[in-house]
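Labels for the chains are A, B and C, by order of writing; each one numbers its residues from 1.
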Amino acid sequence: MVSYLIKRIGLGAVIVVIAVSMLYGMIHMVPGDPLSVMLGPRATPEMKQELNIRLGLDKPFVVQLFRYFTSAMKGDLGSDVISRRAVTTIVFEQLPYTFTLILTGIGWAVLLGVPLGCYSAINRNSVFDKIAGIFSVGTIAIPSFVVAVYSLLIFSVTLGWLPAIGAGDDGDFISQFTHILMPALAIGLGWVGYLARLVRASMLEVLGENHIRTMRAFGLSDRLVIFKYALRLAILPTIALLGVGIGFLLSASVFTEIVFARPGIGKLIFESVIQRNYPVVMGCVLITTVIFVISTTLSDILTVILDPRIRENL
Amino acid sequence: MSLDNANILEIRDLSIDYITNRGRLKALRNASLSVRKNRIVGVVGESGCGKSTLIFAIMNLLAENAEINHGTIDFEGQDLLKLSQNEMRKLRGGRISMVFQDPMTSLNPVFSVGEQMVDIQHREKLSKKEKQLRAVNMLAKVGIPDPEKRLKNFPDQFSGGMRQRISIAMALMAEPSLLIADEPTTALDATLEIQIVNRLRKLQADFKCSILFVSHHLGLIADICDDVVVMYAGEVVEEGSVRDIFHRAGHPYTQALLECDPARISEEVTELPTIPGEIPDLANLPEGCIFRNRCSQASEICEKEAPHRLEIESGHFVSCHKHNLEANND
Amino acid sequence: MATNGFKNYSIKFSWLSQTWARLKNDKMGLLGFVLVITVVLVAIFAHFLAPYDPNMINISHRLQAPSLVHLLGTDHLGRDTLSRVIVGSRIALKVAMISISLAMSGGLILGLLAGYGPAWLDRIMILIFDTVRSFPTVMFALALVTMLGPSLNTIIIVVVITSIPMYGRIVRAQTLSLKNKEFIWAERSTGAGMVRILAVHMLPNVIGPLLIIASMDVPVVVTIEAGLSFLGVGVRPPAPSWGSILNDGYAYIRNTTWIAIAGGVPLILTTVGFTFLGESLRDIFDPKLQKDI
């Protein structure tokens, strides 16, 4: 078990290293001198000089990469070209807002999607199942920014039920709640469908297995058979999926935060692109990539911990 | 037909079809058998003879595409086929329980053995600790060493033989009147087979239940059973006590089976005998006797008419024209 | 040889008609098919269908509601929304076609190499695939836009880079499973080179699953393009990408809802259509084929 953990975390670390190297490498492969690419057109000569010294751009690539890594691990991802504040600080300031959004989005996707999938599996080929199926596949396809704009159109502009802009007032739960409803819908809707379909397929498979028949043969109620014995097995693939979901939601959060003018990483990176505040852009990409790797690593590990078949045989 | 009080289970004229895209498979036709109290009844036949359909019908665990045409399944005075799902559920794992064929897949892998054994006692009004104690006792009775500690283990941590013992323990825990064992030892190797079957026989004596023991292994049937039912291609062809069947087999199929059993062959042969021909297609049944195309003793009437069930001696039933003719000739 | 060709043709024909029959039965798949055909036809005949020049500015007629003259109204620069939407289909499908073809080819080559080549190469490929997959797509796209500047080409590069791992893995999986089949061993024993084996045996078996995945990929690509254009970092204005139209609609949402509807609805119909069709095809050909995330 421990050796698996070490291997899996090690793999995650290797991927982060390769990812960062790739990013850094791309900076150099792109037309234009690396300093301009990294700092953008707003950079002053002093900033360029400082970066030059820090990374040693006359030195071989590997040395530069190494220095980039060591700075990054110390928490130094450079400075914002406009405000001169540390990129790391700026990014971590915005992170909690995005996290709230993502967790809310996943939360309601799970709360709606899992039961939907379960009931579809139990009532296979019924009218409910068919409608749920169309709904699921349909919502997977619809882009999140379209949902964002349309929910804004319907609930805010036309009906006036929900506020359109911002994250709500600090400390006021109701305000924050009403402000997060639509963004969470936009972000989570596609995943309701995804989870529903996955749970449905998984449930159908498990329900056909022999051990379920055994439990039925002992007269256990349907409720117990399905929601305890079948669901525990059927839910396992979902956990692995949630790790990947975080990555998707990070992307979707860009659109959602912009449409609803919410604070967060998405808004930050977008504004930085527009402002040509390149160090912040790079910092965002790096940090979100690391978050993605961490979340997939965690969900893989969690799957192993929760499944005795794998756990005991490691 | 009056209900014989010594019969726990009486199946009469049960016919079941499966609806498939190949057509209607007549998997079980007019099957009848009885199980008396405290007796072990063996059901023997090749794959596809309908034995699984028969026993799953008892517990109402048939597949969705199964259709029951007609027949009755009398269990302790009730016709099981007339019961609702809820009423049937009350009997499952209570008065009737089952041991399944494949020990590697019949236990839920993500729950501990202890938890599953506690859950199946859902009818008992006992505390969780008491249920666990019962489980431990049962595990000890089936020969699982160190049962208290092993309650927490997961099925994957037991060997196939042990898992089957656990299944037997689970089935007997509710003290059923009828235990159905669906080829419980087929997936295990020979030495394990003997151990488990012996233990089963001992447990049956202790718990005083009837057992319906399905197998294709003749030696096992001869060893453990009191009565035997022989099935072929969806029909019951012969029924009787172990002595009747093994010493005075009335149906040509039974006789052929016995001749082909390697354990009974005393001389050295270069080739093992088999029954020539193939099982008929259940979607396209031929007329007349189901066995005639493989029967060495078939005559003209076998092609035209299906034989009736005849009692050739007390408690010994055969469906074969041979005995009709003999009776007529007397 | 001629008879061989004829036999292959007639086999393909019956396979095609069988597929069509099964597709017709599946309501969702049929709907998807209809939607896809509609979008493709609109894109092909866009310049005939569009009543006006999509880029013709007419400030005096700005932000008009739908009327008989302008079926979907006009936008903030007086341009006919319907014409923009119709021409926008070309952008969506063009980006999809180009980038998917490139990504598929790239994935094919890399996947074949990974599957059929030596183990160390395989491991490196997998690692690279996994790494590219861990970039959140939009973040990565924005980084690339930063480095390369916003343009259609940048979008294509983004899509290609982030899609190749998906195709590569499918191809690799198929290649690995075929690698050990007996007929390959037979070929190798006759001294056939790797190229021949790859081309003659691996390729035909791999194309099927690949095409199904590609059709399910179209909505993803269209979404990325539309999304980036929505943000203003995609195709350069005044190109009428649906994403740009939606963005205009968002900006002027309190003036008129029609622009937003015009931008979003074709997007939804296209993505939903391709997804339904792809799912249906997948069910028909290989229900076990899971879309690689």
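Criterion: a residue touches a chain if its C-beta (ideal position, glycine included) is under 8 Å from a C-beta of that chain, and two chains touch if they have at least 3 such contacts.
If you're wondering where the values come from, they're calculated on a predicted model, not measured in any experiment.
Viewed as a contact network, the protein chains form an open path, each link joining two chains that touch.
Compared with chain A, the chain whose C-alpha mean position is the greatest distance off is B. The mean-CA centres of chain A and chain B are about 54 angstrom from one another, to the nearest whole unit.
One simple way to say how far apart two chains are is to compare their mean CA positions; for chain A and chain C this gives 23 Å.
Every residue of chain A that touches chain C in the complex is listed here, in rising order: 14-15, 18-19, 22-23, 26-27, 30-31, 37, 40, 133-134, 137-138, 140-143, 145-146, 149-150, 152-153, 157-158, 241, 244, 247-248, 250-252, 254-255, 258-259, 266, 269-270, 273-274, 276, 278, 281-282, 284-285, 288-289, 292-293, 296. Of all residues in chain C, those touching chain A in their complex are 28, 127-128, 130-132, 134-140, 142-148, 219, 223, 226-227, 230-233, 243, 246, 249-250, 253-254, 257, 260, 264, 267-268, 271-272, 274-276, 279, 293. Across the complex, chain B meets chain A through its residues 59, 61, 89-94, 97-98, 100, 102, 105-111, 116, 119-120, 122-123, 154, 156-157, 167, 170, 174. Those residues of chain A whose C-beta lies close enough to touch chain B in the complex are 209-221, 224, 228-229, 232-233, 306-309, 312-313.
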